[in-house]
Amino acid sequence: MQVALMVPCYIDMFYPHVGIATLELLEKLGVDVVYPKDQTCCGQPMANSGCYEQARATEEHCARVFASFDCVVTPSGSCTHHIRNKFNAGADSPEKQNLVRNTYDLVEFLHDVLKIREFPWATFDHKVALHTSCSAIRGLNMASMSERVHDAVFSKPKALLSGVPGLEFVEFERVDECCGFGGTFAVTEEAVSAKMGYDKLSFMQKASPDCIVSSDMSCLMHLQGCARRQKQDIPFYHLAEVLNGVSPWVGQSWVGQSWVGQSWAGQSRVGQS
Amino acid sequence: MSRPVDQAKNAETFLADTVHEQRLDQLLWAARMRRDAAARQVPEWEELRTLASEIKEHTLSNLSDYMIQFEARATANGVIVHWARDAHEHNQIVYDILAEQEIKLLIKSKSMLTEECELRPFLERRGIRVTETDLGERIQQLDNQPPAHITGPAIHKTNHDVAVLFSQKYGSDPKNEDTAYLAGVMRENTRPDILIARAGMTGANFVVAETGAIVVATNEGNADLSANTPPLHICSVGIEKIIPTTESLAVFIRLLARSATGDAITQYTSTFRGPRKGASMHVILVDNGRSARLGMKRFWRSLKCIRCAACMNTCPVYRRSGGLSYGSTYMGPIGIIMMPTFEIRKYSELPFASTLNGSCTNVCPVKIDIHEQIYGWREVMEENDQIQVVKKEAMRVADKVLSHPALYQIATTTLSSALEVLPHFAIYNRLNAWGKHRDVPEASSETFHAWYRNHRPKTNEEVRRG
Amino acid sequence: MNSTQALSRNTILGSVRANQPAAQPMPTIPHFHTNHFQTNQSADLVAAFSESIARMAGVVVTENVPDLDSFLRARFPDAKVICSATAEYAGTIKPASLNHWSEASTIDVCIVRSPMGVAETGSVLLSDTELQVNTIAFLAHDLVVLLDPKQIVPNIHDAYEHPHFKLRSYSVLMTGPSGSGDIGAIVVHPAQGVKTLTVLLKPPPNVGKRTG
């Protein structure tokens, strides 16, 4: 089967290895992957700021680029949620409807469409703190949410990762509390955003994971930024890398830039039991 | 016209006080956990939420009929019903009732509506002393601060804070921080006013149209005291609190305390249908923008709110910002979607005090689509030119670049130009906002675009189809 | 209604009518009887009631208490003013002897019979009928409530079927003594109201009998 690969703008720029891993993984699964080279962005950054007018051209361009595909896959829960549920900066059109109907997050595509559960080419002998984004949980129903206490507990990312030999999950508190990225929130409410990230890391660290994995790179970008500032070098992986068979320590190296150097005195709970 | 509340700055100040921030976060997360435990005890919990939502939407969509029914039934019961178009009219009605009998002391139980109307300063300026009988409200009154939370107005204060405050105002022992002791100090000092007051005021959680009754839920019984001890009971209530029947009341009572504190019910859930023999009872129905909000297609469902504060307890932003950071009567998620209807400019930044994570929507007992309304308000702010925080120009540039592939690919070759393209980073007036507490991701030496071009040249032909 | 009030009323109603969304239907409300208790047998309901009220710091006495007077004297040895709102017990004063609602603050112990309890929540129902003077259940130091265990209904839906809510000028579902969690979310007793609430599970006597 043929799918078009949508690589979100921030993955294109900062984490191309996640796009590469996604591409390779799909090809391993026998999928014919096309990458429309004129793609740019889904318009979420502008739309989330209320700037609908300033998202319109980008949104329409996105719909046009993918117009001839009836299956679009992207390694981003937040972009998928935006396209599926909030893609209305401009007027409706057949291209838009096509994209809204046919866009899948990578996890959804693997779990629900291809129905894959085993990844025999991969091994991952590490303990994983699995983070699932709020877009994925509450926007795409990719995992159960703790608020709905009577729902059956499930997690599509966890189901997939369970198919990687050697991989172990650690359980940590406040598992589905928001990590604090929130898009524009990350800079407009920088203090709260960073504190939420620090707290999330702190809860994860208490469970002693070897690494942190998520199917949303935006959350990881934020959490990784917080971790590196705290001089923690715990590795971060996108789910696509793990399923594709990642070698350790592949990925971005971090430049520990601090622009306005101001550390959280006493904020960090890391290291405390 | 007031300047917009800078919630982000207020939050930053609150966060710098690590003692208070950590305590608030832990206390309210614990409240959220108690709510979860209580919901687990009720197998039909989700069905109750759906019923509550449907009952409220039915009532709000037939509100004028129910208001008339309530007025008729209450009046037949001997209640005097008043109508207040706005906060000022409400305050004037209360004053007139008290002045007519030369009443100089009013005791009252907790009412967010009276906070909204700023009743206390109105009365105090006219020589009427007001004593709050709710412990949290009284603490805030003594400290000259508004409530910081809808159900626990002083929840942000430590025992130490309260001990110091009470020692200043009541002469109690500043070193005794025991909760029971402090509650006892409050009781001792408030009881005299309760016994001598000639008027008592309550709010209401629900207004039952079928019986002409108002329903108040408290843990302390202070609403019962305020209403039953003096010969005059005034109840102020927003028009959106109406529900059709006593039968429907049961649905809400089963949801309210469990959502708020995790208890099955509050200690006192009271129905006031008419005055006692020898006493009088007034109900003031207050609009103050509610009927206008009813006509807002995207936002009228915020009127379903039963003031449980579950949204606040679960909100990760509220727990780290503190309730006072919103600078508003109602705070947290429900505050974000209500306050702009009162003053759009003053609260224009509140819709951005959210990550849109959606937890609030899923704990709300009446299924208000809170996070979706927050998102909707962002668009309204933009349309009404209220966006202070977001640089529209940066957005315009971003849209231009992101809709033109060639421009995009050139722009993303270097970090600094990439950062200008990505509005996440560019919209704030200081480019280094991200980097204040986080490391910045390094732009890759090769974008995915470039990598694909270099490593998968065969497929470029197929790509032209796209 | 004066002319200002008439104007306000008409303005508000007019605005509501103009703005209210398209009418949506009222749902049917089930009473959820099958979910909580194994049976609706009295024993189960008493057990559930006792558990619920204990969670709210209320005290339940299930043993037979033949003599109310000795029970109260033993439990509240320092009580001087015992206000009885029930014919089953004389007490030292009756509600009728109070000249003002605030005088109830002189009461040490108040005793009253409740017509209904609720197993789901551990609540007891009281109204102006039982209390006669509403404040006796709030300004007294301690409250004792007599409750026929056969009058415990399963849940809140059942509770609100009681005619009191449609007929009485004041009715309250009371659950445990007065409490507050306003300081640090630690619930303490009492706050403004009674310090203790004790429920005696005791059927009403036959007409004409007195126990105290």
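Labels A, B and C are assigned to the chains in the order they are written; within every chain, residues are numbered from 1.
Assume contacts are C-beta pairs under 8 Å (C-beta built on N, C-alpha and C of every residue); 3 or more make two chains touch, one makes a residue touch a chain.
The structure presented is a predicted model; accordingly, all values stated were derived computationally and were not measured.
Taking the mean of each chain's C-alpha atoms, the chain closest to the overall C-alpha centroid is B. For chain A, the chain whose average C-alpha position is most distant is C.
In whole angstrom, the spacing between the mean C-alpha positions of chain A and chain C is 53.
Inter-chain centre distance (chain B to chain C, centres taken as mean C-alpha positions): 30 Å. Averaged C-alpha coordinates put the centre of chain A at 31 Å from the centre of chain B. Not a single residue in chain C touches at least two other chains.
Contact with two or more other chains is made by no residue of chain A. Among the residues of chain B, those in touch with two or more other chains are 43. Of all residues in chain B, only 7-8, 11-12, 15, 18, 21, 25, 29, 36, 39-40, 43, 45-46, 314, 316-317, 320-321, 351-359, 361-363, 375, 377-383, 387, 389-390, 392, 395-396, 398-405, 408, 412, 418, 421-425, 427-428, 432-444, 446-449, 451-453, 456, 459-460, 462-463, 465-466 touch chain A in the complex they form.
Across the complex, chain B meets chain C through its residues 23, 27, 30-31, 42-44, 47, 50-51, 54-55, 57-58, 60-64, 67-68, 77-78, 82-85, 89, 133-136, 139, 152-155, 157-159, 162, 179-180, 182-183, 186-187, 190-191, 194-196, 210-211, 213, 219-222, 224-225, 228-231, 239, 244, 246-251, 253-254, 261, 263-276, 285, 287, 291-292, 294-295, 297, 300. Note for the complex: chain A touches chain B at residues 4, 7, 9-17, 19-20, 23, 34-41, 43, 45-46, 48-58, 60-61, 65-66, 68-69, 86, 134, 137-139, 145-150, 174, 176-178, 180-199, 221-222, 224-226, 228-229, 252-260, 262-264, 266-267.
Chain C meets chain B in the complex at residues 5, 8-9, 11-13, 15-27, 29-30, 32, 35, 52, 55-56, 101-102, 105, 120-123, 128, 134-135, 138-139, 155-157, 159-161, 165-194.
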